[in-house]
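In the two assemblies presented below, chain A is common to both, partnered first by chain B and then by chain C.
Let's look at the complex of A and B:
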């Protein structure tokens, strides 16, 4: 039950000083670039950039170690799964086959397959520092303001900020309910059979849902009393002014995105092929 | 967008928060690697039925994005999009079921389950794998197997736990035909 959640980490760094809008735009551009490209050169460049920015942000590896371990084990499993399901995917994509050694049947190890899986792993690695940084350096309420700033309806932005605001509260509720139900003898651990466990889980979910529905009632009444949603616009307490650093960062991000797309697609294929 | 009521907005926010908690803490391992019984989707189905398609879609989208972001530090957009899809389309039958009337008979339960099964089969079985291939160029057979496993386990989860939640929720509403003239 002690699973940790990633959340805002207060530090003094140039990254923290950037406005939430800037970081959101950069994050979106970064994920787009990493999503579209399969070009190893572009991916490596993006990876080096990500790591550099990560160092500037003064967030230490220890702060996020638990997430990293999680991601690394996911990537490992994912790579194994890809190999088991499709050991010839690389050969199919790159069109050549340099066999290193045979295992059995269609399972051999080719340079192409290794290269392909390296690229998939790189793709994930490129996004991870950017996404992690975005989460740990942007204050939740500033995040809502930035969503509104990039053109998302403020009501939706507000519900995102509500969600972020209430996750800790609901987590606390959940712990209380789970512990009191366990005190009454309801077992959620692996000792119980699956079907029984599913049934026991509902005895925790139901009170959680009903108390949350009450919360919805209370909050929407409070908002209604304060006239929420009457005007077309609203101001945000925690919005930051855009500074020169913000403009420069967005401009640089835009250039990187365009250049990486041009390099990726100029030869008509997403894949960089070193084999011919 | 002007038509969304305050209650829907709050329901989206709180719903997304509950979705995150359920997805993180109440996922039961099935014994098959990487496959868990996601109670969060049963909850998503209930919220979609109670608050309608817009709330359902956005709870799925925001909830799944925040779950991915807080757990892995990065977001798998292909699967997040499927959560949006499922929440939205289950929400479309909300009017048909009209759960706030407090009446939930066999007919409504069957409607709900047929819809959720169809929507999830399309979502996990076709949409998620197709987007995975498109975005990440993962091998097609791998992602289709993953999608199928996730789809089947989620359809069963929503079918069993979701239905239990719907019945329990309906019981808390006063029935619209509970008054009689004397």
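Let's look at the complex of A and C:
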């Protein structure tokens, strides 16, 4: 169900047992590595690791299918855009041009361009599991504590986790409001013209905003009455103590980051060139 | 002599956005260890009074203060909200909205986290507090899985953890089913006795709060304190009627029977009430009153046959429910929180699709009809009007459904005007909705459904959060609609509402019907009361106490008598 998207998924796995801080640090290091390198060998290695970790986490593809499809369609869009704006990027980078076939003008398909875009796609696939795992295997209670631990102001950290936590509630509100408005004849289904549908949607947005404002007033009063924001720092009830597994994981993550950067940069180019 | 812990002297407060002060010249002392109930109609200023005590006024809601308010000998406006929150713990009205933590332990620990208590100490304190509120078995549980009563315990724990001197409860009974409300009141009582804190309860459900003893009752009306007395004194006075606060039903019955109520009778609690010569008056009244038999032959308008439904494939929330509602009836559906009442109304309106079973309307199978098709016949009014209102002006809001259906403009105008007149909103028709009170907004939402001419109207908690005046207004309005032929189904926690207005009641527990009978039968049946988390009416107990042989008949006659009284328009103030 859509209401479950991007929220914590309870499973028993070594990944769930790690502290949120560990997962956050790993995610950051992982993204750094994936962002900096275009070295296909490094990317392939990271990809294998990502998939392994994903399997260990016992999260199934079905659990995150909705978000995954969303990201993948974005990836497709990104790839198309790259080709439209810069069809010769691969040739520029690798210095050779193995033309497969011509289309028109500067638009042709070269092995280099395909290889370049394959690398971009790999980068996505390396980062996606890490990012999703951080979100769906970190208990929301621990989420804010983790953000705070790496130096983010606790008020911001708390707001982020509060916002994530309210997504299911807002979705529920949305559903109830949509149903009651439909009963008044406001059609949001495909039977209606797009412009009319967009207009009809406002009759759901308004009540949604109003009832969310009610919610905000209650929660901000509750926060204040219980002393939130009093001191510069705060402690966290559900912060997990760092265990040996956490240190080992961070250490391994660090080594992987350094090694991948060394491999990437040792010959002066971020790209692995198979065309020479 | 005990020390005052809260002391208002000549205290006046005006919100920055308003021209008139909300609280005027308040003089009030609350002493250490006292248990005080503050009652008053909506808009009387009782919530503002609570906000002054917990510091939301003036620190979150700004405004002008004259006079002084001392909390533990300190001037409140010179403190800040955080130091006040160390003295005054507030349990807010909405049990769901105020949870900050996801698990019981986390929520209880919230105040400690903000005080930078170490994790180790925190864990220990959380265990201690959860023992106090009886939640030690559930520290790890997720709050969403708790029952209404357990949630109340957790929110109490969350403020108790600060070791506050004063506990402030802002309408603790709102949204709780009757049995849970009773437990909540007992819990407050126990915690106060164990910890010796000062307790202040803001509530308008007087009879329910009086389930446990309170030392004093303060009545607030129109921004002023109009009465400050013991419960016995208050109940024997006329203050409640003039301030639109509902008297306990047994008091009303005594008054109908012509008894003069005095403080010496200990009227604050039925168990301690001395009936003496009132006994005979009650019996005489009972014998003299007859029940108006209203036995209209009617045909069923809405029939559910063996309806089963579940949000998930594997689990059912509604099990084989069958019932029938007759044309022109007023029916209430009662049961504890999460029993499936709202789900049932969604099935009737077609918001959700049944797994098996049939729904018939006037004998015609409508199980396969869409939301849109059903909405021509069945209208649904949600509990929170803010979830329905999408237009700026009242006329536009009411016209919305007709515009969407493509009704010609002149017909829209005619129907909207007619509906606005029926709902008493015609004088306000060009007002922006934001200028209306909660009760008026509710009327707008009812009007916006009514304009579509449904034959059946379903209302979810039509009177939740309303004081007695607004409650009566809304209910009388619904009765009028009912007389005009609209069949009305209400989902409610309010036992008074069920008893006074709906002859037919259906009780649901865990997605199954456990009673489908007259309201009096339901409210006097111990098994049903226990299973559906209801509460026996005090009228029944009064009749038993007076030695009336047929207490159920007493309840029936009272309801029918009361209806006559109300029909004659004299309402609350009747016999003196």
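Quick note on the criterion: the second predicted complex is superposed on the first by the 233 of 276 C-alpha atoms of A that agree within 3 Å, B and C clash if a C-alpha of one lies under 4 Å from a C-alpha of the other, contacts with A are read in each partner's own complex, and residues count from 1 in each chain.
Assume contacts are C-beta pairs under 8 Å (C-beta built on N, C-alpha and C of every residue); 3 or more make two chains touch, one makes a residue touch a chain.
This structure is a prediction, so every number in the text was calculated from the model and none was measured.
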item	value
Partner chain(s) touched by A:223 [first = chain B, second = chain C, both, neither]	both
Touching partner for A:171 - first (chain B), second (chain C), both, neither	first
Touching partner for A:128 - first (chain B), second (chain C), both, neither	first
Partner chain(s) touched by A:77 [first = chain B, second = chain C, both, neither]	first
Contacts of A:198 with chain B and chain C, given as first, second, both or neither	first
Which of chain B and chain C A:215 touches, first, second, both or neither	both
Partner chain in contact with A:40 - chain B first, chain C second, else both or neither	neither
Touching partner for A:108 - first (chain B), second (chain C), both, neither	neither
Partner with the higher number of touched chain A residues, chain C or chain B	B
First (chain B), second (chain C), both or neither touched by A:270	first
Contact residues of chain A, present in both the chain B and the chain C interface	165, 202, 204, 206, 210, 215, 219-220, 223-224, 228-229
Residue ranges of chain C in contact with chain A within the complex	54-56, 59-60, 81-82, 85-86, 90, 92, 94, 97-103, 105-106, 109-119, 122-123, 126, 158-159, 162, 346, 349-351, 371-372, 374-375, 379-380, 382, 384, 386-391, 400-401, 404-405, 448-449, 452
Chain A residues touching chain C - in the complex, by the definition given at the top	139-141, 165, 173, 176-177, 179-187, 200, 202-204, 206-207, 210-211, 214-215, 218-231, 233-239
Partner chain B, residues of chain A touching it in the complex	1, 3, 5-7, 31, 35, 38, 64, 67-68, 70-71, 74, 77, 81-82, 84-86, 89, 93, 120, 123-124, 127-128, 131-132, 135, 153, 155-156, 158-167, 169-171, 174, 178, 190, 194, 197-198, 201-202, 204-206, 208-210, 212, 215-216, 219-220, 223-224, 228-229, 270
Chain A partner contacts - residues on chain B that touch it in the complex	1, 4, 6-7, 9-18, 20-22, 24-26, 28-31, 33-34, 37, 39, 42-43, 46, 58, 62-63, 66, 69-75, 77, 135-142, 145-146, 157, 160-161, 164-165, 168-169, 172
